[in-house]
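Listed after this line are the structures, all set down as structure tokens.
One chain, chain A, links the two complexes that follow: it is found with chain B in the first and with chain C in the second.
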Partner chain A sequence: MSFLRSPRAVPYLLLMPAIVVILAVIAVPLAVSLWSSFTPYQLTRPVTLFTFVGLRNYSRLLENTDFWWAFGRTILFITVTLNLELVLGLGLALLVNQITMGQRALRTIMMFPMMFSPILVGFQFKYILNDAVGLLNNALFDLGLITQPIPWLVEGTLANLSIMAAEIWMSTSVFAILLLSGLLALPKEPIEAAKVDGCNAVQTFRHITLPFLMPFIFIAMTIRSLDVARAYDMVRIMTNGGPAGRTELLWTLMARVGYQNSQMGMANAMGYVSILLSLVFTLYFYRKLVAARRYMGGVE
Partner chain B sequence: MTIERPWQRWLIRAGVFFAMALLCVPGLWVVLTAFRPNIEILARPPVWLPQNPTFDNFRGIFGLLPDQQQGLPVARYFLNSLVISLTSTFVAIVIGMMGGYAFARYRFKAKGALFVSFMLSRTVPGIALSLPLFIVWSRLGILDTSFGLILVYLAINIPFTIWLTDGFFRQIPVDLAEAAQIDGCTRWQAFWKVEFPLARSGLASAAIFAFLTSWNEYALASQLTRTTVSKTMPVGLMDFTAQFTVDWAGMSAMAVLIIIPALLLTFLVQKHLIAGLTFGGVK
Partner chain C sequence: MAQVKLRKISKRYGNLETVHGIDLDIAHNEFVVLVGPSGCGKSTTLRMIAGLEEISGGEIVIGDRVVNALPPRERNISMVFQNYALYPHMTVRENLGFGLKIAGEAPSEIERRVAEASAILGLDPFLDRLPAQLSGGQRQRVAMGRAIVRNPDVFLFDEPLSNLDAKLRGQMRVEIKKLHQRVKTTVVYVTHDQIEAMTLADRIVIMRDGRIEQVGTPQEVFEAPDNLFVAGFIGSPPMNQIDATYRASDGAAVLQDGLAIPLHRSGLVDGQPIVVGFRPDALAPKGHALFADNRRLSFDRTVTLAEPLGTETILFLPLSGKEIQARMLNPRVVAPGETLAFELDLGSVHVFDKASGKRIGGRSWQGLHASN
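Let's turn to the complex of A and B:
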């Protein structure tokens, strides 16, 4: 017990409660989840939790076209939305950076979507895009642009674009706000120097502003890849994977298989695939962030 | 990169205005809807601005309208949300602050690995985590209890609180606490008298961030709560949707109730929040 009283034990004691909670609520359930992904566990038949079937769930997943569609759609969804959010967020940050009067008010407005619960974002777009009472169709009617209502959430391709638009609306602000704070921290001298040396605006941006912003971009990417699965809430209320599974993402499919069909073993196998996906995304950006930070440290 | 020509300046202003409109209109539209009678929502041609603003939608969701037999238990949902969010926030801040302080002030074995593990524990998608939690919580008998959900939100909020507080504590020079210790304070006293007051505004924003995360969470709550005993506001929102019909007026009123606390709290801490996120990451 002498270790516990020594100064070396202090940080471990401070971290103990946090570690206990994470172990109890995340690590242990994940172990259960891993085990159940090797069983044919069904909620309605509890005994099945103790039948070991090896990789059967996983091999069935690999043969399942619904799963592959959801998987591919999820990758596409993440890639398209993250990239567009970055580009739009960067654009917005650069625009707002040019405004001197009322910039604080603009920053406040930019925070607006960030305080929305994803389920609220889903609801608001479900309402606005509704083909009968929605704001968008009503506006298009009144402007005389359409004569038939556009079925935003009912037609497969449009529904996919709609959930992407909602996701982009929800998260572009994260990029815009973090990148704007990067732009505000940007030192003035290198830009002046570049201008003296005859760089035009594009060159200055390409060679000075953008490299400086890189760590901020990676922070935003890391934060976003941490909570990218929040899109589940939004899709759940907007389309719930419909019409006919055309907007099914990994997350909605897993909920359907686990809770509606009560095939928990299979759902947990999918859960593991989704966890690995999130892990890979996050680790990738986190490593980029660490590298960029080291690079910045070298320059300063 | 200063813009000289006036037309360019106007172009930028127009662009900013357009972007801000895109960010504001959807939310405002829902708020307007919350004050409309149902006839106006379904009217064709559409009614743009509410002609007969009313509080009936709010009365309706609390079951206060005279011709109503029974409303949804929205008051109960609100109370559940409040209790669950406040409790999990308070405990997460205490535990997270201890952790953040350990990371900011001490060197110890496996520090980096621990930090990354905390971060990564946050990446598990809510719905994927809900599957095993559903199994374990039902065996432990804490499914559909506030306690069960509080525990889950603790685990979600602690890593982020650690990340933020680590950043805030690192901004406070070590010398300050050391000076206090030389003057005869214990490390414990030095923390409470010197470092804690300096980190207080940062801690407040970490707290509000944790509160918002719990207040807005849906994926886990939707599976781990079943009845009015523990259902939260975001889960309650789904009560308004049936297979083919949606009660737009009721949902909008409920949405306003969910957004108001979030709105107030975010405005309070926006400055600290941005500073916390970027400092924690860059420095």
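Let's turn to the complex of A and C:
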């Protein structure tokens, strides 16, 4: 009791609300989920939460081909979408940066895809790509480009590409906005110096603009790698991991195992393995970011 | 040969014209300084020479080519920017060699020329540093090195010293002058600092509001300013300028407080409003200057302020309702409120037409000889 009244307790008392919130929202759930990954916890049989089985979930996981397919597919998904979003976003940013009139309006319009809920984007693409009534197939039909409907969301490879397309459609603007802010902050003089030094437009971009943009690129990459790595909603709506698990990503797989099969212990074990993946991507980009920023330390 | 010729150069932004048809010939290896207050169009003119700014009218010739339509990289110029404009992600070595690398020079040649430039500018200890790790003066040197390695026809400097502190500015000014003596090249240098202009230039171009006010050697613009603007702009402390009326009966300028300054000059009519100008050097307390006996005017004035500068003291005194400045060489201590006998060197008095601001005749005594 005397400690609570002493001056040394003041900081802790003042921080108490924050500490309570963090404990309730982050620390305790994290601890419980970690614990549950060492149990055969099933949602339908709560008592199983108290059966300790050591690393059994993890060792089963290592032999689970479905999981590793989803794991690999997720890496591929992240790599392809991030890179395409970067290239498209950069192009978009460069184009918008050239515009002198109506740039503000365009910048606002560029944010539109970000304003949609991913669920809605998923539905929208699902209907566009539907093989029977979808807009795309109908358009291709009417143009005489196809005679048979293309099963966009049913054939494995096409389904994966379709999901990627939806993801890219929704998030390219994130890159574009972030990179545009970089372009707007770009100092004019080194670019002029490069022009005088003999650079043409491409060389100026390659040697001056791009290095300047690197920190912005890595910030965008870091943010988006976290985002993409938890892609769930769009996949859930568009294909629900199907056909036959061909578009299953880590999070849809985990949700299926945890909630549909109610094997929460196993799902949590999967979660902890997948976090490694997120960490690797994020750490990689973060390091690049720090390096790029050190580089640019001299910008005045 | 790389002379630069400006033919009726103008610059318009929409309806706003900021440079109004400038004509200027810059000779091979000449060091020309464009000077003027901010907004006078000097930087715009330089940027048009560089090709960073489109030319709205007229023609720019570098060497014997009209360069209006050429991009900067084809004009064989190099430029030093006010903020150095170094490439922050490249080391000093890479910064220096970048232009050569882009031009496709062999690595050995790049290395040789970078080493040469670095030796001239004393950059050897810093070659592997990034610009962020350099001081202002060092960055400025790198910017100059980047300009000289490319061996351009014309050097363009855009207020290169204005980001440096006063002491460093003085040092770099000397270095730029030495550099020009060593690397003989045509230089166009923009500054708002008249001291830089006076010390560096072979010829000074004084600009105001997008027009050239006067072109001349430092000596010419200092000793024979064409108009009141140049008279006030060049020289520190500035020239004293006092309104007066010409009196034909005795050929004198009569100030508002009644003091008559003999002018002995032709081309003036009785009652013409004029401005009399003389530099603080032309006015000194009795015994502190050696002005010729037959051409000095004495009057007593009470000093309002004394600014001791060591070798000289600047005295402030009232004259005809204005506060003017006098220069006291070999100074003694002067207290404000002290009344001194001043002598004005009539040989150094300039006369300007009040209405047009234009100079009238030579200096007064030369004018006297000419009119006799």
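Here, the second predicted complex is superposed on the first by the 275 of 300 C-alpha atoms of A that agree within 3 Å, B and C clash if a C-alpha of one lies under 4 Å from a C-alpha of the other, contacts with A are read in each partner's own complex, and residues count from 1 in each chain.
Just so it is clear, a contact is a pair of C-beta atoms (placed from the backbone, for glycine too) under 8 Å apart; a residue touches a chain by one contact, two chains touch by 3 or more.
Quantities reported herein were computed from a predicted structural model and do not represent experimental measurements.
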Applying the touch criterion given at the start, work out whether A:Ile26 contacts chain B, chain C, both or neither, answering first, second, both or neither.
first
In the overlay, answer first, second, both or neither for which of chain B and chain C A:Gly241 touches.
neither
On the A-aligned overlay, A:Gly198 touches which partner chain: chain B = first, chain C = second, or both, or neither?
second
Could you let me know whether more residues of chain A are touched by chain B or by chain C?
B
Which of chain B and chain C A:Ile109 touches, first, second, both or neither:
first
With both complexes superposed on chain A, which partner does A:Gly89 reach: first (chain B), second (chain C), both or neither?
neither
Which chain A residues are contacted by chain C in one complex and by chain B in the other?
296
Per the contact definition, I'd like the list of chain B residues that touch chain A in the complex.
1, 3, 9, 12-13, 15-16, 19-20, 22-27, 29-30, 33, 41-42, 45-46, 95-96, 98-99, 101-103, 105-106, 108, 111, 114, 116-136, 151-152, 154-155, 158-159, 162, 212, 215-219, 222-223, 234, 237-238, 241, 246, 248, 251-252, 255, 258-259, 262-263, 265-267, 270, 274-275, 277-278, 281-282
State the interface residues of chain A toward chain C in the complex, per the touch definition above.
187, 189-190, 192-200, 203, 207-208, 211-212, 295-300
In the complex of these two chains, what residues of chain C are touching chain A?
50-52, 71-73, 77-79, 81-89, 98-99, 102-103, 130-133, 146, 150, 156
Interfacial residue positions of chain A with respect to chain B in the complex
8, 10-12, 14-15, 17-19, 21-22, 24-30, 32-33, 36, 41, 49, 92, 95-96, 98-99, 106-120, 123-128, 132-133, 135, 138, 141-142, 169, 173, 177-178, 181-182, 185, 191, 201, 204-205, 209, 215-216, 218-219, 222-223, 225-226, 229-230, 232-233, 236-237, 251, 254-255, 258-259, 264, 267-268, 270-272, 274-275, 278-279, 281-283, 286, 289, 293, 296
